[in-house]
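Okay, so subunit A shows up in both of these, paired with subunit B first and subunit C after.
Right after this comes the complex of A and B.
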């Protein structure tokens, strides 16, 4: 579904991603783990079109998308949960969800809102509340719910666990696992390697802009180098 | 006398609100202070003046003045600001100032340096109340009605329409709005069309109020526009209306009662400084936490 071939990208003048090749097949749940500053968020922004590709290929369902605007990629049903949630704080929950389904037919939105509320009943209670007045956990649910409004073919998730209480982290990973089991293709970048590899099929390890390791999630969890560097021994 | 001054203050404040609204909308999305918006103010007045001369119809003059200035706003966005969008905001600021100065001299070259009459006055008779020492000028009604109508339309547009929702989302977080599927190029273009249209209405109304248009008529409004948007909380349309009324009232009442110890425009800036010392984030601004 997503093919990245020999991709390089810069943030300003400095190169952040070097010769990245990643595959995500339809229905797969793939995690990219790595330390802070390894280039994970930049990679997500490159796929979404928020950071330009310097060279290399970026294919979605066989089509080169690296020259498309971000809103055109959203129109191809690539949804994005940004790092730090980035919900629209001054807008209500309902308005945030409306924007998540911006490229979809308006008459279909009520059905999608119902689906999101079925996953996160909390959002249903807060429909007319400004997003900034909600807790961090609720905002993370909203950020995921907003992305699901697209009924995405590819869901990009940037750091789902950041700044959340452990119980909420578990809840968020559980939701991703359920979405994956229901057939959604997911690409997750995550610092919490243990959790990420626990729910995904395959993983990549990103270090200072290079992919240094890839494989089945179970195999990565047992890899000595990965254990030492990312799983705490 | 007091009633006269208060109404006068509201009229002046209304004009400031319309003048600063264009730049407020632009700042809300682009985070740049668009000085050339004050140039649009003069352009609108001149286009209206020209069409009034040609057709004799105030309505044609008004509509073409606003419409052509709005088109001009679209072009400014497309050919000046869009290419600079990824540069530092200072670059856009300087470019905007440059365009503003160019527009003044362009108008001077094309229309001459002298003031011209923009006379809609015969359509708008004044009403006098000699016993109350009160004169209600017809132009005041025009300005108050136009301001109220335009602000109502703007409010409905921003709060009750899909393009308004897209505008508010883009103003809060342009990058995320893009990633959610909002064509932010279109939002920005719409923003400039609306912003320059507002500036044109303000310029035309001021031309009617003082019965004159001249190439540098945007000068003082440019400074006042900055004062009003800063005081309103930068990019907050409601704050801009409030700040415009505060400044309009302050300069009219202080100028009228305390006396002209300072020129009126100076009074406006003294008020600005005092209020900013008390509320650095502006009247309706929220303190930015990083």
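Right after this comes the complex of A and C.
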């Protein structure tokens, strides 16, 4: 579904991603793990179109998308849960969700909202509350729910565990696993390697802008280098 | 009549503050040169009626359109630059526009332009008619703005203002809505300029200079950027205060500047924005009344 071939990207003048090649097949759940500053978030922004591709290929369902604007990629049903949630703070939960379904026909919105509320009942209770008045966990649910309004074919998730209480981290991973089981293709970048590899099919290890390792999630979990660097021995 | 003139000034200020609020409040695009569009509207209307013989009723929307064309160009530029750059650029536009009015012969140069009083169906406009027109325009613009936050346009602007990248990644083209906001805001400012020109009967470049822009921004900030009625309150307060307090008219720029600094520091949401001290007082009164029952 997503093919990245020999991709390079810069942030201003400094190169952040080097010769990245990643494949995500339809229905797969793929995690990219790596330390802070490895370029994980930049990679997500490149896929979403928020950071330009310097060279290389970015194919979605066989089509080159690297020249498309972010909103055009949303129209192709690529959804993005940004790092740090980035909910629309002054807007209500309902309004956040409405923007999530922006490219969809308006008459279809109530059904989509219902679906999101079925996954996160908490959002249903807070429909008319401004997003910034909610807790970090609720905001993370909203960020995921907002992306799900697209009914995405490919869901990009940037650091789902950041700044959340462990119980909420578990809940968020559980939701991703359920979405994956329901057929959504997911690409997750995550610092919490243990949790990420626990729910995904395959993984990549990103180090200072290079992919240094890839493989089945179970195999990566058993890899000595990965254990030492990312799983705490 | 003195009261009528004050009311007309308030009506003009309210329109300007509301139009700036669309661009700076709802779309989140800083503009420090709003008076340029006010001026473009005024000069357009003056030239069309005085030199081309257009009726006022046509010159009024034409003034809005010409201002909006320049506003859309500025909007297209604004999507390419960062916000601080945009603020500086809009100041520059204000000075350039004023300089053009001041030096180009067509615009009367330093002598300014005489503007005929509007005539509508044989009725020659006096201050009363101007005031009625302003009330109508204010009601129309207010209804538009009151509807804005719950409209698709308002929703898109809210998303873009809060988290532009997130909005873009969800399918909202931020450029599209920003340019739209610039177009509407400058259209209203241009129409307001037309009314001003025909009310005054004479315009010169200094009527639309940078301090006027600062004044309009102060009104919107005082009442509350991004609120529906805040800018109206700000317009009333800042238009009336020089009439009531002599020192305000003597030290106008000092008052505007000080007000901007104080509001940004202590009440960035404005007098009637979320959780402002006025609103807290109001809610406090309300809940105490309830507790006493």
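General observations
One rule holds in what follows: the second predicted complex is superposed on the first by the 233 of 233 C-alpha atoms of A that agree within 3 Å, B and C clash if a C-alpha of one lies under 4 Å from a C-alpha of the other, contacts with A are read in each partner's own complex, and residues count from 1 in each chain.
Simple rule for what comes next: a contact is a pair of C-beta atoms (placed from the backbone, for glycine too) under 8 Å apart; a residue touches a chain by one contact, two chains touch by 3 or more.
In this text the structure is predicted, and so the values were computed from the model without any measurement.
In the three-chain model built by superposing on subunit A, subunit B clashes with subunit C. By the touch criterion defined above, A:70 lies against subunit B and subunit C together after alignment on the C-alpha atoms of chain A.
Shared-chain residue A:168: touches no atom of subunit B or subunit C.
Shared-chain residue A:53: touches no atom of subunit B or subunit C.
When the two complexes are overlaid on their common chain A, residue A:91 makes contact with subunit B and with subunit C alike. Residue overlap on subunit A between the subunit B contacts of one complex and the subunit C contacts of the other covers 48-50, 69-71, 74-75, 80, 82, 86, 88-91, 95, 98-100, 102-103, 146, 150.
Residues of subunit A that touch subunit B in their complex: 48-50, 69-71, 74-75, 80, 82, 86, 88-91, 95, 98-100, 102-103, 106, 146, 150. Residues 155-156, 158-159, 161-163, 165-173, 226 of subunit C are the ones that touch subunit A when the two sit in their complex. Those residues of subunit B that touch subunit A in the complex are listed here as 162, 165-166, 168-169, 172-173, 175-185. In the complex of the two chains, the subunit A residues touching subunit C come out as 45, 48-50, 69-71, 73-75, 79-80, 82, 86-91, 95, 98-100, 102-103, 146-147, 149-150.
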